[in-house]
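Each structure below is given as C-alpha cells.
You will see chain A twice below: alongside chain B first, and alongside chain C after that.
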Partner chain A sequence: MTPYSRPASLPETLFLLAQGQPLLLAGGTDVYPATQAQWLTRPVIDISAVPELHGITRGPDGLRIGAGTTWAAIAAAALPPACNALQQAAQEVGGRQIQNAGTIGGNLCNASPAADGVPPLLVLDAVIELASPRGLRRVALADFLTGPRQTLRAADEVMVAVIVPDAALSGASHFVKLGARAYLVISIAMVAVRLLVVAGRVQQAALAVGACSAVARRLPGAEQALLGLAPQETAAAIDAAQVAAALAPLDDLRATAVYRAEAAAELLRRALATLAQDHAG
Partner chain B sequence: MTDTLFPAATGTMGQPERRYEAREKVTGSAAYASDVKLARTAHAYLVTSSIGRGRLQSFDLTAARALPGVIDILTHETIGDEIRQTPSIYGGGYMADTLRPLGSAEIAHWGQPVAMVVAETYEAAREAANLVVVSYAAEVAPVAGMGSSVATGQALDPMGFAVGDFDTAYRTANVTVDANYTTPAQHQNPMELFATQCVWEAGRLTVHEPSQYVNNVKFGLAAQLGLDPSRIRVISTYVGGAFGAKGFLTHRTALVAVAARRIGRPVKLVPTRAQGFTVSGYRAETRHHVQLAATQDGRLTALRHEGWEVTSRADTVAMGAVSMTARLYACPNITARVNVVAADRSTPGFMRAPGEMPYAFAMETALDELAHKLQMDPVALRRVNDTQTEPVGGLPYTSRSLMLCFDTAAAAFGWQGRPSEPATMRDGDWQVGWGCATAFYPTHAGNSAARVRLSADGRVHVESAGHELGQGMYTMMAQVAAEELGVPIAQVTVALGDTDLPPAVVAGGSSSTASVAPAIMAACDAIRRRLGIATGVPADVMPAMEASGLGTIEEFTEVRAHGTAPDSLRGLYRGMALPAGGVHLPDRVQFALGAQFVEVRVHRRTREIRVPRVIGAFAAGRIINPRTAHGQLVGGMIWGIGSALHEHSEIDTRNASYINANLADYLVPVNADVADVQAIMVEEEDRLVNRAGVKGVGEIGVVGVAAAISNAIFHATGIRVRDLPIRIEHLM
Partner chain C sequence: MSDSERKTEPVSKRRRNFLIGSAMTGVVPVIGWAGQAQATTQAAPVDARAALNVALRVNGRLHQVQVDARMTLLDALREEIGLTGAKKGCDHGQCGACTVLVDGRRELACLTLAVAAQGREVVTIEGLAAPDGTLHPMQEAFVAQDAFQCGYCTPGQILSAISCVHEGHATSPDQVREYMSGNLCRCAAYPNIVAAVLQASQQMGD
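Take a look at the complex of A and B:
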C-alpha cells in the first residue's frame, strides 16, 4: 500500500517532505485523472488540512492567497476589481465540483499550458512563495513556470502562497476563455487583461495569453501599444501579427498555431471591449 | 397555480399533469437499482480487455486472491459452463450480442469483460481487479472502424430496394446533387450507470437492474442459466436514463447472477463510466452516399441513398433507415442500399433515433444542397415534394402534417424574408445563418397487457410492466386510467417495471405510450362494462361503483398492436413483445413528423459556432401529457445540438479503444451551449395508428437537428460540412 499522510501543519509537511520524494496531493483534480496506473506509486502527502496553506489575506506585501485555497473560495472572496479576471477564471475551472476541490496551488504546480489560473495571475504580477526544509523563497510566477508541466519547484518544496503585490492591485481586469463547448472544457486559448485607466486614458496595461505557447505569456509589446489610449480604443489597437509574433504558438491536437494566434487576438479584443464597456457604464 | 407553458387540455392535447414520481425524484428517495439495499451484499468489479483483438493466454490471480476481502474471481476458466450460449435479439434470442459472457479465451473487442472479482467491499473488488494480471496472446492489429475505404462493406440485400429507373432519371435530370456524409460513433451515457444486483432466495433469483425491457432480462437469463423463467423476477422501478443502452440483456447480468449463486450472497455490480462504453450497445459510425435529381421547379425525379454502418464481427447490426429517408417525399425513381462494415468492436445497438438521426442528417442536408442549387427556399422544396402516399410501395400515410409543422415552426421562427444567398447575414463579427430540416420518426406499437383495479373507496391501481426511463410513464399510466374512469388522478397509483406485473412492450421505438395506453383503456372499458357504463365517452364510474355494492373490480387485458402476427400475444409471456409499425405494415405507413428550424452564429475570426435558437414543430397524434411530451421533445432537440456539434466517441486505432470514455472528454452540450430551444406541439388527430391515437415523441426531437444546424452553418458561411460533429476546424 502507498503510504499516505495528512499533516496538520506546515512544519510537519516540511518534515515529511524531507523524508523522500513524496507526491503532494491538494484537491487531487489533476493528480487522479493523470494517474494512468491504478494506484499512486509514490508516498502521498495530502496537504488539504495544512492551515498555513489556506485563506486569503491582505498584508503589507499585498494580497496573499494560500496555495491550498479552492477556486470556489477564490470566486466567493471579496477582492478588488483588479482580481476580476482571477475570480472569473475561478468560475471557469471545470464545473462547480471541480472548483470546490481544485486549488490555485495545484493549478500552478501542475503547470498545464491550459491552466486557467495562470493568465489572470500573470496580469497581477503574481509571486510564488515556496517552503522547504531549507527555508522559504519567492519566485515570480512568470519565472516559476518553465515549460509544459515544468516548474522551478524542487522536489522537497511546497507552494505556500501566491502573492499579488499592491502595485498590481490597481485597475480592473477581465478573463475570456475559448473551448470546444461553452463551459466545462479545456481551453483552446484564454486571455486575461488588466487596465488602469486614469482620467480616461490607459495608464497601465497588462495582457496575458494562455494555451497558445509552451508557457502562458505576458505580451509587453501589445501592452505598450495600449498606453495613453481611451479604453474604447484599446480593442482596435490589438494587432494580430504582433500577438502571433509574441506568442510563437504551437500546433497540437486542439488547434493549429495560425488559429491560436488569430483566436488569442480576438479574445484580447473581447476582453478589452468588455472592460471598456465597464468604463463607459 | 396557472401554467403559461402548458394551458389546460384542448383537442388532441391532454392535461399537463405533474410528474407522478416528482417528489421521490427531487427528494432523492426514489431507489434506483444500485440504491436497493440487500443484506450481506458482496461487490463485484469487472476486468475488461485492454487489447482489441486476440486471445487470453493466462491469468495470474495470485495477488488478487490474496487481497483481504476477496471472495471469488470469475474468468472463462473458473466459471465453468454455468452460462449457456444463447442467440442475440438479431437471431431470435434475448442478448444484445451473441458473445457468451466469459465464454472463451477469444477477445473480440477492447473493453470485453474478461474477469469479474467479487469481494466484501467495492474498494476491495476494485483493488483486486487491478491486481489481476492478464496475459494476451496473438495480438492481431484490430480493424477499428470504417476506415477510409468503404469497399470492405458487405451489402445487406434485404434492406435494399428500388422503384422506377434511378439511373436513367438521374442521368437525364436538370439539377442533381451527389454527396457523401459521415456520422461518428456515439454513446448514450445515461447518468445512471449499468448497475445490477442479484439475490437468490430458495432457488429464486431476483434481479434489480435498470432496464427498458424487464421481461427480456427475465427470459434471457432463464435461457442463459437453464432456469425455469418463473423462478426469476426482474425489478426496474426507476431508470436514470437509458436511450437504448438498457434495452436488451448484456453480459453483466448473468455474471452477477452466477456470482451470487456461487457465493450464496447478493452481489452488486456497478461498472464504471468507462466500462459502460463497451458494457452495452452504442450508435455506430455511419457513412452515406446520397444522389438527388430534380426538375427546375424542384420536383424530385430520382433519389438514391446508400448507407454504410459499422458492426461487430460477431453480429450483423444495421439500422438501415433508408427505409424511411426514401419514403418521405414524392419521387418516382428510388434506389436504396445498406451495407455493414465489420470491425473489431463491441456490437452496436440502439441509441435514441438509432437510424433516423444519422440517415436524416445525410438526406436532409442533401435536400438543402438541392434547394441551394435550385435557388429555391428549402421549405418550398419540401412543399413541392410533399405527399400523403409513400413513394416506394404506394401506401398511404395514416396522417401526415409535415407542411403544417413547417409552416408553424417557420412562422414562430420568423423564417420569411430569409435571404437565399449564403454568407449574407451579419451581426458584428458574427456570421448568421438559418437552416431547417424535416424530423420524422416511425410510429410503432407492441403488444401489451395491463391490469386496473377500482376500489369502492374511489382508488384506482394500474399495473403494467412498462418502464419509467424519465419519459413520464408513471404519469401517463395514471392519467389514462383517471381519464377513462373519471376519477381524480390523485387517487390513482401505478406499478411498473416488474416482471411480476402484466407484461408490456420493450420501452423502445418510442412505443411505450402507444402500446400501454390502449391496454389500460381496454382494462378500464372492461370495468365500465361490469358496471354497465357505456365506453368511449367520458363518465365518472363512482356512482355506479357505489350502487354495485362491490368492494373491488379488477380487470386484466392484453392488446395486440396493429401489424403484429396473430399469435404474437404469446410472445408477451416470453419477453418477445417488440414494436411493430412504421414502414413495416402491409397496408399503410405511420410516421410522426416535424420541422426543425435553427439559427447559428459563426464568429468571423475564431469560427466558434453558437446556436442561439432552435424551434421545432411536431405533429405526433394525440399528446396525452403536454408537459412530459414537451420534456421529451426539448431534450431530444438538445441531443440534436450535441449530435451536430459535440458528441463523438473517439477511437484509438491501435487497439480499437475509446479515448474519451468519460464525461469530461465525451462532450455533450452544457447549459451554456443551449440558449433558446422551443418545441411546439401541432394538433393532429390520427384514429388509425392505435386506439390512443398516439404516435410517440421519445425520439423524434433528435431527428433533423444536425442537418438543420449544418444547413444553417452553410447559410451563415457558405461552407458545407458533411461530417459530424461540426467543429471550429471545419470552418477555417
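Take a look at the complex of A and C:
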C-alpha cells in the first residue's frame, strides 16, 4: 500500500481500509496535534475527496449530514431551528481555519469527552451510519460513543453520515460552551438544550452535557422535570444536585469535578433562559 | 521576502538526505509534523518508499519537491521550497502563524500534509504583492494601521484577514475579532489588526 492515498469513492476507500492498518485522515485537525510521530508510520488514507461523505440533505429518514462535512459548511447551511445548537457549536470549534478543515465525522470518531459536536447531536437523537465491506449499519450516537476516545467503530469501518430523525427536528435548540477564555478553547463544560413548546407549554425537552463525564450524556431525569412548564419556568427547574448525580464529572487540569457540576447546571439554566427569551420575543 | 532569501538552499535537504541514507542501516528517527524535538529521540521503522515526488503550485508557480508522506505543507514551503513567510509558531494548529490560502480558503499549513496539497492552489504571503511590488490592500492596511510589533504573526494574520473579508466576516469590529480568533498575536496588536482588517475590507470591495 502506498504511504498516502486520496480515494475518490467510498468503495475505493473501503477497499484500501481493508489492507493493513491504515489511518483515516479527514481534516487532520485532531490527528496531528493529539498523536505523536508514530502514527505516520502507518499509511494514510485521505478521505477528504470522497463524495459520498459530503453534503447536507433532507430525505425520507430525516436530515443527513455527510461525515466529511466541515464545521464551516455546517455553520453556513440552512437548517431548522432544532439545529441551532449544532450550528452554534460549529462556530466555536477552534478558529475559522480549524472550521474550514475539521469535520463532524472526525469530531465524533475522535471521541474526545470535550468534542463540541456531541451534545448538540445528542439532543437531536442523532444516528451514525457506518460503512464496511460487510455493508451499512446504523448506531445511535449515544451508543456509538463508549468512552473517552472509544467508539463502536470497527477498524474497517468508515463513518458515512450523521442522521437526525425527523421527529427530533422539532422545536428549537441552543448551545453554551464554557472555556477558560472566549475563543479557541477546549470546553470545560458545554451544554445543548432543545425544547418543543406547544401552546405555551414544554412538550419535548432534551438536555445534554459534555466534558463533565467520560462520555457526553443526556439527562433524562432533568428533562422529565421540564415537561408541562412554561418556557420561562424551565431555568429555575434545573436542580443542581440532580445534574451532578447524573453526570459524575471529572477532575482534570482544566477544572475540578465540583466546579464542573456547578457549571453544567448553570449553563443549562442559561441555555434554557435564552430559549425562553426567544419564545417571549 | 527578498529574492536572496527565496533562493537559499533549504537546510533540511541535507538532513533529509542523511535520514534517507540511514534508512539503509535500519533505524531512522521519525521527523515531520511532530517537530524536531521528537526527531532525535524517537525511532521507528520507516518505509523508504515513502519518498514521494510532489508538484506543489505555490503563488502561481509549480514546484517539484521530494517529500515523504509525513511532511506538512508548512515544512515543505519553508524547508523544501524556501518560502519562509509562513511561520511555525506552534506546529499544533493553535496559533495561526502558518495560515496560507489553499484554493482560496484559509488553512493551517502545519495541519495539512504536503502531499494533500497536490493539485491545489497555495498562496503564501510572498505571493500577495503585484510583480511591480505594489502591496495587496490588506498589506497596505497593516502598514497604515501599524498592525504589528515584532511581525511574527503578521503573514498569517494578513492571509487569514483576506479570507475573513472574502467570507463576508469583516463587517464589524466584533465580527472581525470572532473570525480572526484563530490567529494569535503575542505582541497583542489586536486593536490595530482589527482596524487594518476593517480598513482593507472597504478597499477590497467584498
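Everything that follows uses one rule, which is that the second predicted complex is superposed on the first by the 277 of 281 C-alpha atoms of A that agree within 3 Å, B and C clash if a C-alpha of one lies under 4 Å from a C-alpha of the other, contacts with A are read in each partner's own complex, and residues count from 1 in each chain.
Everything below uses one rule, namely that contacts are C-beta pairs under 8 Å (C-beta built on N, C-alpha and C of every residue); 3 or more make two chains touch, one makes a residue touch a chain.
This one's a predicted model, so the numbers in the text were calculated from it and none came from an experiment.
Superimposing the complexes on chain A yields a three-chain arrangement in which chain B and chain C clash. Using the contact criterion defined above for the overlaid structures, shared-chain residue A:32 touches chain C, although it does not reach chain B.
In the superposed model, A:3 makes contact with chain C only, not with chain B.
In the superposition on chain A, contact of A:48 is made with chain C only, not with chain B. Ranking chain B and chain C by residues of chain A touched puts C first.
Legend: residue contacts after superposition of the two complexes on their common chain; A:178 is shown touching chain B, with no touch to chain C. Judged by the touch definition given at the top, the superposed model places A:21 against neither chain B nor chain C.
With both structures placed on the common chain, the touch criterion links A:97 to chain C but leaves chain B unconnected. Within the superposed three-chain model, A:262 lies in touch with chain B and out of touch with chain C [touch as defined at top]. The clash between chain B and chain C in the overlaid arrangement falls on one stretch of those listed (2-10, 218-226, 236-244 or 488-496), that is 236-244. Chain A residues 33, 38, 94, 182-184 lie at the interface with chain B in one structure and with chain C in the other.
Of all residues in chain C, those touching chain A in their complex are 30-34, 38-39, 42, 44-47, 49-50, 52, 68-70, 72, 92-94, 96, 99, 105-108, 110-113, 115-116, 160, 163-164, 167, 169, 178-184. Residue ranges on chain B touching chain A, taken from their complex, read 127, 130, 429, 603, 605-608, 610, 645-646, 664, 667, 669-673, 727-729, 732. Taken together, the chain A residues at the contact with chain C in this complex read 2-4, 6, 25, 27-29, 32-33, 36-38, 40-41, 43-44, 46, 48, 91, 94-98, 100-101, 182-184.
The touching residues of chain A, when paired with chain B in their complex, are 33, 38-39, 94, 178, 180-185, 188, 255-256, 259, 262-263, 265-267.
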